[in-house]
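Letters are used for the chains, namely A, B, C and D, taken in the order the chains are written, and counting of residues starts over at 1 for each.
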């Protein structure tokens, strides 16, 4: 970490700042130039509050040199993490498609979709029981009942299941869920993340729609710091000025996250683009970019879906997509 | 609500869509032009899922005409809401300054600051006990102990207190807190909002840093829909491309929110700009824009503050600011 | 177009607004609901100023129904435009790679790179002579001399050439240039666009880094309205909150622009991501998304490039990429 | 400037990078830590291309320490610049209001408005002759004729005038214009900036709607580097996710620009918020924040304005605003 000192700071002020750093266990290195004086800090700076430094009278600016995340950092763990999701491996060369409806609506619906997507090649089944909605008047999901229906579908198809948690109080309901999803709006619900760090299940952590990749990794770090290192990172679209799409899919997340971290990275094109007829090109682009998996919304009857029908594929469209995914995977494979 | 139909949609498809709307209790009005066909919808469209409509094969786009919020809507409640915060009125012409440290650190610290800001004119005392931090390695607040220290300061100074909640499980600790704050990162933690809707205390709801004003009002609506209509809206800076400031204070929130809603609107310039030497101009600008109050961070020793010292005023700077605030209030008063 | 009228507007005010619309040649359609009154407008609304309407005392909001662009609109020109770029076809199923250095530096440099990229499969040669740089102290390009060197390389390799214009005064220098590029910062330099509308050459129009897709199409419309319909649209990354990459590549531009418009859409992953080791995954993703072409920076000696070396591939990396591009093209082809 | 070296870089690579810096006239300072190696660079780094460095194989990241602008930098010119705009001083404590219509429409219109705003206290008259419009089908201004009408109004009222240039070719028409405005969309039209650097008139430079404050200062630097140091900086709203306002006024620009630079800073609330009923609170907020002036749109008949009527005040509203501006100026004055 580097602190740039303002012109005009007195020697005494600089010395006092240096002792302050030293009292926090850091080595300091002073470099005085004609127009600027810089203090370099060596040691564990992850506990130094950049905002605090930035506000000191004599400090002009502060630059972090090393990333503030550790457990999620590839530098300290060069090998890809392979997450075991109910027997299915994700990451480290293992590519998986997770598919299912936005909301679980009935026993028939979820089972029917599960069987369909399994046949086409999906390895995991997703379905929403607890639904975060902008409006309190919109459908909020079947909640506990939805989880039961999802578990039934798991029992009948043998597919591991993924579903979202919105409140740690509901954790007992998730006992037989294979992967617990944290939605974009809860990416910085730190209380929830801490509790999920104590769970022995993989966590699928979605990037908030206005969060940086570093913030995503810091949220993963919250989970990992509590002892759970099975985190799957998921890019699901960021907010931009564009209005023709629901969000903007940021595929640069794939190579960047894979360089910064050892955790698997999957892509949710359905929420990102929000328009079913644009899912296929975006899903194939995600595969070509090197993602470790996809999260795709599939609904047997999108026009009557309880939510997000706009962005759901029909089982037939999904089957077609799976064929293409395989071809693109082969095309980009390192031979 | 208006649905624009794609060129080439068959009469049968349009008729089927119209019956679908009618089956949901809406009146429809068809208007056919040379290049476009439009279906107007009359009735309670707040339960219609715009995203779903947008995804239908024959629908080109959907436009909402009326706002999707009701309880927070000034159209249905023209008179300003005046919130009673532990005996202090906010809104409807009642302007208040809420001041205190970012984090509660010790009994002496919080009491000392409380006495100082009270003397300068602050009506409520703020202080963080539960602190949302991007990094799991940063100071997380004194938590339960912090609330106790804050209650002590309340007892000794008589000032009503404001502090942040991060988890509904902690509600019992907030029994004697006067105003419960929801932080920017929890603005769309809908489970928390629902539980706060059942509390009989004012809620200070901060706008998320990438949320629109309508989304802020929808989150207020979550609280109000459960029965708690004492919501104070707070703008605390939005994320932009600018890097010289922590966030960007959006003062247009004041006149816009006051037109759309009857709820009081206060401004937090400290978090918005994040640099103590810029707080004064931004605070005075907020007053000139017509805000119902300010939330200001004050710390007796910013350089040794446990967090956010960068953006804290000293008690002396705060006293000076209060004098200017009064002058600007008089300057903009309608005579 | 639809104008939503404020509650409380008098009948006289509404009638006066309706005559105002009629005096502008529009048919009006009044619809009165319990909580809202709406005026629908039928006719050529492309000349109505939405901002003006929005400001009228009695108008609450205004919604456009039809797109404000015409010549670029696929609705009125369903067939793909195929641009002829010096004998090379782009669009309508014709995929092309445009490659070359960010800046032209010397005769040897540009010729060497041209021969290399041609061999690997690039169809057009790009090179910057006029360089828009944020700093006046950064290298501004070889300007006129650069164009001469590019023309030499064209003569020796037979490759059509693409280069950027920054000032219409320089047009005479572009006489033998095959495709004229408009950079992101000039996307809304309307004076320049108008002059390029009178040129008989294809224009490669880059999206501004904070512009919407509709604004890009409106800028294409400026060129087309003057008579030049050979416009190639280019997405080159948008500005977001992310800092690990230079910009954020928005691949949803491909399917969305191809639906809205008949113009070819190409992708510039080099400027978008700005880091050479991330170009390959982003380029392949662009191909998988259905782009009509790629614009790739290639430099024989990136470490000593006059500008943007950070994002240039070496000729060998480019050759490798071209092999993969071909495979991904085959994988996504509709059979 | 600081270059952080990747783990695993060989000593030879580091040495080679250091000589490369030295060959560019910089002193280097190597600092090796356990997990990171850093090269500090001392000397004139304003010509070093950060993007190039960032792309080098062994470089992990690059941090600038000093600002890349010089002529506009307060560090090198501590005293406020006072611009003389046709005899009217702006900056250094001289606060001025510039007012007038968005577009010049007729001789009567501009003269009538000029007389009105002069009476209320405006010091300079503004009016658009060349109008940048997103749509080629929107009114483009009276162009040369507009400038003539503006000059007439200047002759009759004695007010100095401000109007926008879109093309350096039109410079001869601006001979008797007192202040030349560069619009937001041309803030990075570097060719235009260079030509305005050779003009002996003040330039009013508007911030682009997605540009940072540093980029604004770099554009000022383009003008100043050519010899024209009379630049007035203008914040006119940035693009955000908010849709209730046209743009979002960023008042933090005032204290930040005034700290970074010695140039005067004025605010255009009309374009920023785009809704006439919100102009007053935003204008007063701008005054309270310490701006050196305001740019306000005034139109005698907003409903029939050729453009931007939505955001124009009537002369009466403007007169009222001027009274309040004076009061707020007094309230915030340092006594």
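Heads up, the rule we're going with is that contacts are C-beta pairs under 8 Å (C-beta built on N, C-alpha and C of every residue); 3 or more make two chains touch, one makes a residue touch a chain.
Since we're looking at a predicted model, the values are computed, not measured.
Enquirer: Higher C-beta contact count, A-D or A-C?
Expert: Output for the comparison: A-C.
Enquirer: What chain lies farthest away from subunit D once each centre is taken as the mean of the Cα atoms?
Expert: Following the centroid criterion, the farthest chain would be A.
Enquirer: Quick check: how many Å separate the C-alpha centres of subunit A and subunit D?
Expert: 38
Enquirer: For subunit A and subunit B, what's the span in angstrom between their mean Cα positions?
Expert: 26
Enquirer: With chain centres defined as C-alpha means, what is the inter-centre distance between subunit A and subunit C in Å?
Expert: 31
Enquirer: Can you list every residue of subunit C that touches 2 or more other chains, as numbers and ranges?
Expert: Those would be 210, 239, 241.
Enquirer: What part of subunit A is in contact with subunit B in the complex they form?
Expert: 20, 46-47, 49, 51-56, 68-69, 132-139, 166-169, 185-186, 188-191, 194, 209-210, 215, 218, 221-222, 225, 239, 246, 274-276, 302-303, 305, 307-312
Enquirer: Show which residues of subunit A lie in contact with subunit D when the two form their complex.
Expert: 2, 4, 7, 29, 31, 33, 35-36, 38, 40, 42, 61, 63, 65-66, 75, 239, 241
Enquirer: Looking at the complex, which residues from subunit A come into contact with subunit C?
Expert: 210-214, 238, 240-245, 248-252, 254-256, 259-260, 272-273, 277-278, 281-282, 284-290, 324, 327-328, 330-332
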